[in-house]
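Pasting the structures in now, so scroll down.
Look at the two complexes coming up: subunit A is in both, with subunit B in one and subunit C in the other.
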Partner chain A sequence: MKKRTIARLGSLAVAGAVVTAALTACGPSTGGSSENTGGTVTYLGVAGQWEGTDPASVYYGNELASLRRLVYRGLVAFPITDDPNPAPLGDLATDAGTTEDGGLTWTFTIKDGVTWQDGSPVTGDDFIYGLSRSYDETLVNGTGVGTTYLGQYAPSVVEAGYSGPFTSTPEATAVFEEHFFAEGQTVTYKFDVAWPDFPYAAATLFTTDPYQESFDDGSTLWEINSNGPYILEEDEFDPALGGTFVRNPEYDPSTDSTELREALPDEFRFEFVADSDVLFQRLVADNGDDKAAFTDANIPATFYSQITGDVADRTMKSTSPYTRFLQINSLTVTDPKVRRALAVALNQNGVIQAWGGENWGEPSTTIVAKALPGYQPNKGFEGLNPDGDPEAAAALLAEAGQPNPEIVFAFPDTPTNQKLVPVIQQSWEAAGFVVKLNPIAPDATPGYYGQMADKDKNGNKVDVFFAGWASDWPSLFGVVVPIIQSNPAGVQYGVGFNYGFYSNPEVDALIDQAFASTDANEQAALLAQADSVAGADGAYIPIANQKNYFLYGSKIGGFLPDVASSYYPDFGSIYVLED
Partner chain B sequence: MTNTNATTVGVVLNSASVVASRSPGRLAWARFLSDKKTVVAAVIVLIYVILAIVAPILVSAGILNPYKTNQDLIGPDSLPLGNFGGISADHPFGVEPGIGRDVLSRVWYGLTFSLLIALVGSFLAMMIGIILGIIAGLTGGWVDTIIGRLIDLTLSFPQTLMLLALSGTIIAILTGTFGVPEGDLARATYVILVLAVFGWVGVARVIRGQVLSIREREYIDASKLIGSSAPRRWFREVLPNLWAPILVQSTLMLPAYISTEAALAYLGVSVQQPTPTLGNVLQDAVRYPVADFTYFIIPVIVLVVMVVAFNLLGDGLRDALDPKGNR
Partner chain C sequence: MIAFIIRRVLVGIVMVVVMIFVVFSLFFASGNPAINQCGKYCSAEKIEELTRLLGYDKPIPAQFGDFVRGLVVGRDYPVNDAYREQLIANGFENRIIHCEAPCLGYSQSDQKTVNQLLGKAAGPTISLAVVSFVIWIFFGVLIGVLAAVFKGKWLDKVVVGSTLVVYALPVFVIGTFFLQYVAIKWELYPYPRFEPLQGPEDILPWITGIFLPALTLALFFMAAYVRYTRAFVLESMSEDYIRTARAKGLPERRVLFKHGLRSALTPLVTLAGLDFASLLAGAIITESVFNYQGMGALAVKANNNHDLPVLIGLVIVGATAVIVMNIIVDILYAYIDPRVRFAK
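Entry: the complex of A and B
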């Protein structure tokens, strides 16, 4: 592949002006055209954060977002757009899927002419093989996301003991094949529970992505077998250093759409550095190749004073799908009044200031992010004072007859949390709580969430613990259901992320109604209602809706955080500006 | 003339008699007082020690409050409101970015913990070093060889790397097997152990050298001839002659340990927040060299002044106690 060097601009001032002009002229949406084709875009990240590039193992939003645009085309994908509520479009499939029974059965037809990087066609069987790999715990590599949702919507496959293509019994495989099968270019998914927004999940997650069986040699964690516009130049992606993506000669743009990927640069270079300070120092300096560099990390508060003048012209703020909250162990904190007192006393603004201030996030009343279609404030937490109200909380505690309940608060023991925790602790103590801290070491085994997911919290008494969530696809189903639907009996963890073991028949009934409904607006309304009921019951303690605050180089164009990329910058639209 | 001569002679005689009556201790004291920079350093060290002693009293009296967060003093950009890191009458050193804890209280109270850890660590290191040094120097032979090899082994150990790698395991052993309460106490114990285990080497070498020269003196032979026991010779005859190098070594070791503790806290091995030490205050402050320079520079100045003062004091004491050396 040809590599074009980037001509250097004379001064920062000129560089800043070019970006501003380009953005205002083209609007926030895509500004790319054939003139902007070519060049190398550098993506700067922090080393050691990726957990794998095998589609079965990828889970973090930014990793899904970048690989979807560069190398892993799925059944469907979200378009590049600033519309907050886009519908998925067919990607390797001809359209966004059809269902005639309200989401129980989904069928897709695979396009002709789509190929793997070795030139062989992508077939229906590749999709079934890819799906089967999402059941293999070794391949899933600990994230468990595919298995979790598949277990929720097709429980009979998990119950039959299906564990992927390598280790399953013939009986379990038969159950799997009854649910998911391909006939020629048609792929069918039959769920036990209706999955009305299945295409939304398929667009974001890689659980249903195709996989070429002949490529599967047992050591695929860091390999990339592309069916997209780029291929990995190296044999393996390096989680410590990164990798280089160059054009895929087998890629046929006529099978794809510029709505999904414009694929303008000739090369994407993923460069990982030791820590985010180094990364932002380079972006602020804007020298050489770094002029065509960007990151999906947020500008840390310690850099705010350097974001002035020309540098400020190279920033973009956007909303974020992430919410931060505290989960309550409802097995130990049983009184709803005590649970609500924790929420009422909490100084949300104080916590947000400690985290990074108004650029970092804003107070929230719910676990649902504002960016999600159908978002509503949680009516159960209406009138919550973001500065905390210790008197009102003390009154609630008095009503509950427990003026000084002891609360054990668990959190990952990181420098950031060590600063946040005193704020939370002191706002609870002001209301009369006796707070005991239980810091979990970063290298603890099992890890933090592994411990929280355990019913007896790994032998510790834990009453309240830190949590954060971003819906895995843009729908309330991706957040309300996993967090507040009661866990099936006997399941310790794995299905759902309800680590507080919250259980409320009223909430479950509303969620069931939402699954039964076929109208998206009604579904969202029912789920928001379930959230409000849980809020009035003190199911969790809302803290904040995060925000994004990005910085990029002076020669980056088409910078757009959108729904398709979980509000990380979209790799499909980004390009190198001409001089 | 005669008179004048007599007076002169008288004066000479007088001053000669004064000099003659001075003990070695007084001589050292006079040399110490004549060295202005050492006196200044000693005063600073004294002030630091007094500050470290009174800090816990002030904290329990509520005058210093290193733990209380003050969100009302923090702006929407998470930095302190006002100029120079939020310096005000209530917070003369400003407040911590993000959560508004009083910087003076944290630095002052942190000083106590840092000094305590360094003091206990250097005391243990000195004890081990002195005992092994005396034994090696006096007995000689295979004992000396073994201790010498032990010194070589300790010196060849990749300290920093092992410290970081072993911290988790050893802290787990401390809390599990020895019942040290988990958390700051266990971490402080680990740091103290580390300082002691790796610090005695230098002391042992210096002491051994000193002992080798002392043991050839006549009074030791005399003591031996009278039939005194070996421990008596070690601790009653030799040890008193070692006080000067011991004093000098400890004043030089202490500042080194204060810095080491700060470095370990920075790497996350020592005492962690919310308990302040100079190291973990610094660990947070170094993130703000541009955003909040005041917050960054104050703990740095406090640490640097203390370490320099201790070092100058150590050098001055060596000059005063051992005028032949290093001049």
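Entry: the complex of A and C
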């Protein structure tokens, strides 16, 4: 997820459920039983959004979630549940992994009897081979998740120049093999830096997924070698048209759990259409095979007028892992009072209205999404008025002795942003700021985030800039650390997503304590505290927590946006209702 | 006639070669294409590595030489020799992809040769071009002739008026109407999906799946062809030799079909040939509306991804199609109208 997704969010789907919403919605309940087995479920998507089905190249939350349930079992997986705080369970591994040194070393034991779609067993070596592929630039296809996080937790492997199995030198390969190795069915991961929630990341991302070396022939981008309940019927998945998933004859349900996959339909048909208009026309019409169809895209505002009567009975609202905020260049805006004045003045509701209104999102006080286990409002931004408070902001500026500071605001120059930016500009000008706009063209080189990541902002003065985030796995580690932990000394490009170059020893100390803790609740509490300290210091400007608003066909059962699927509908529970 | 054909073909070959060189230089003159493949986590080192890996570090004439060699004898990918050697040393020679001649290049972002991508896109595009061509020529000429015959009557007025309306409507409006109303909302026609034509049993699903997009495209051309035909027929029916034919006492039907149409429709051959050829490069809007994965959709995607090799391949194939159709049209024309053959 994170920045790339955010950059393209307009066309992507986001999901979520304030869990009560999921429970009280009039949609079908989960818990399909054997009489719901069979039939074909159609998943409707928009053509051209997938970037690959090779596990090394899959990156978007909805793609990870669907493939995890259908074809790519990993070490561990999150269960199908409306519990907002689930723990990962063993999937191909017997349990959720063990560590005896606080997350530096993790070991997993691979189950007996788990196989690839050709019938050969999934081995410990397959896991190490799969991990090694996550280092290869040509396979990750520009997404870079593997190298980003592996570089963070095992920097010595990257520093040794390891670049995957195909092109690495023997010396670099030796460093890799010291860190990650298999002995029979036991797989060991040794990190340089403790990774206390490693199983959470392994459950969500495919970076640690196994790969069968004999399947690897240089043209695997759109191929799928399944170890799950379904196989791809075609030779390749088609990013423009989709693909059909049918039962995998080699799959042994006794090695799996219905907590992870109920696998009720006989077939999942992924059908991509030209645009979301066509997609929602079909779901609203609810004709023929489309009765058993669903999507993970949000209902566009242009369709709200058609969501009435029995169509409204087929909708579900949920929360979402995506948050929107503005980052502040801490190197140019150094006074915390001025930084906080930007947040205090901002009319969050006005911005949300321009984005799509209450179905689109709600005002937020933090970069942490409500969808994340351990979410807390940011105490540092307590009492923030979602309509903006120019007087309070002006008072802060007066205290700072800078009644009219100049602020340069950078944003990607998209049609949506052109609607939002005047709202933001007006809220700040009402407080006394002198606002200058710096729109960045969508086809600029380097791109928008490339320019913002640069300490010197590509040679331009930038004080505040647009941002958004979704944690790559359901944990506060995946959002607090990348955004507000200080960058290492001397870097030119922000590490993680700290492109504001925010730096605060108190925040860093709390993050270090969280890394040292072994209790998930305590970790979350410490990270929330770090977030609050940063809020009081005006580290960023919160705007919104996004929401989901889904529509599905009249014969869809088991529709559940949950943590396991990043609040997209869970493919593990969905089924076709009997006539 | 043979000499004429040989002359046209030779000129065509020279045009294709010149066109390839121009396209290649135009695309590569615009900076380092590796930047476009570098992704969002791009760094200076990564650009450098990708530049080497994709062979963009070589001088442009050398790259052009490699490209032409690929066209003639084929190439291996990745193009970087050291990278391939490292693959072999590590036991992964199966990752080297051989692209057979005429090799148009390799798309890093799709991990496929350009030939594979074009081959896949050719089916929907050729199907769409052929079916819509048949519809628009048949109905366009028929209605145009009728309008000319009934010139000034109510039929003519209706035809002229409605072609103006159809011609003025953008293709995406007609396409969206067919898709979202005719197919989805009113369920008057099955939802259009492309089904490849691989044997006689596929004809029905193929034609069912392609009819709405083909009609969308055909309506646009048809409106124009009705008016061309009407004008050409009216013009030739006022020629002196038609009066002679009528004076000989020939029945009106014979005057129209034997004498009027033959000369009226010859200019249409040129127009139709070129319009058909341009469709072989893809019907971008129609393909986008119906999510048909033809050449047009491939062009849009390659453009969005800054996928240079695919764009070059598309331009070369599209331009070659136009040049080839031009030659065919010239030959047909020479056959129909002997004056062309003997003109120097």
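Simple rule for what comes next: the second predicted complex is superposed on the first by the 544 of 579 C-alpha atoms of A that agree within 3 Å, B and C clash if a C-alpha of one lies under 4 Å from a C-alpha of the other, contacts with A are read in each partner's own complex, and residues count from 1 in each chain.
One rule holds in what follows: contacts are C-beta pairs under 8 Å (C-beta built on N, C-alpha and C of every residue); 3 or more make two chains touch, one makes a residue touch a chain.
Model, not experiment: these values are computed from the prediction.
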Subunit A as common anchor, with subunit B and subunit C clashing or fitting: fit
Subunit B versus subunit C as contact partner of A:258, first or second or both or neither: neither
Touching partner for A:115 - first (subunit B), second (subunit C), both, neither: neither
First, second, both or neither for A:446, with subunit B first and subunit C second: second
First (subunit B), second (subunit C), both or neither touched by A:418: first
Which partner reaches more residues of subunit A (counting touched residues only), subunit B or subunit C: C
Partner chain(s) touched by A:238 [first = subunit B, second = subunit C, both, neither]: second
First (subunit B), second (subunit C), both or neither touched by A:360: first
Touched partner set for A:221, first subunit B, second subunit C, both or neither: second
Touched partner set for A:302, first subunit B, second subunit C, both or neither: first
After fitting on chain A: smallest Cα gap, subunit B-subunit C, Å: 8
Overlapping contact positions on subunit A, where the subunit C interface meets the subunit B interface: 277
Touch list for subunit C against partner subunit A, complex: 35, 37-43, 46, 49-50, 53, 78, 83, 86-87, 90, 92, 94-97, 108-112, 176, 179-180, 184-185, 187, 191, 288-291, 293, 297, 301, 304
Subunit A residues within the subunit C interface of the complex: 3-4, 7, 47-48, 137-138, 141-144, 147-148, 165-168, 216-222, 238, 240-241, 272-274, 277-278, 281-282, 285, 287, 445-447, 449-450, 493
Of all residues in subunit B, those that touch subunit A in their complex: 67-69, 71, 74-79, 96-99, 101, 168, 268, 272-274, 283-284, 287-288, 290-291
Residues of subunit A touching subunit B in the complex: 277, 300-306, 347, 349-350, 353-360, 387, 413, 415, 418-423, 426, 441, 443
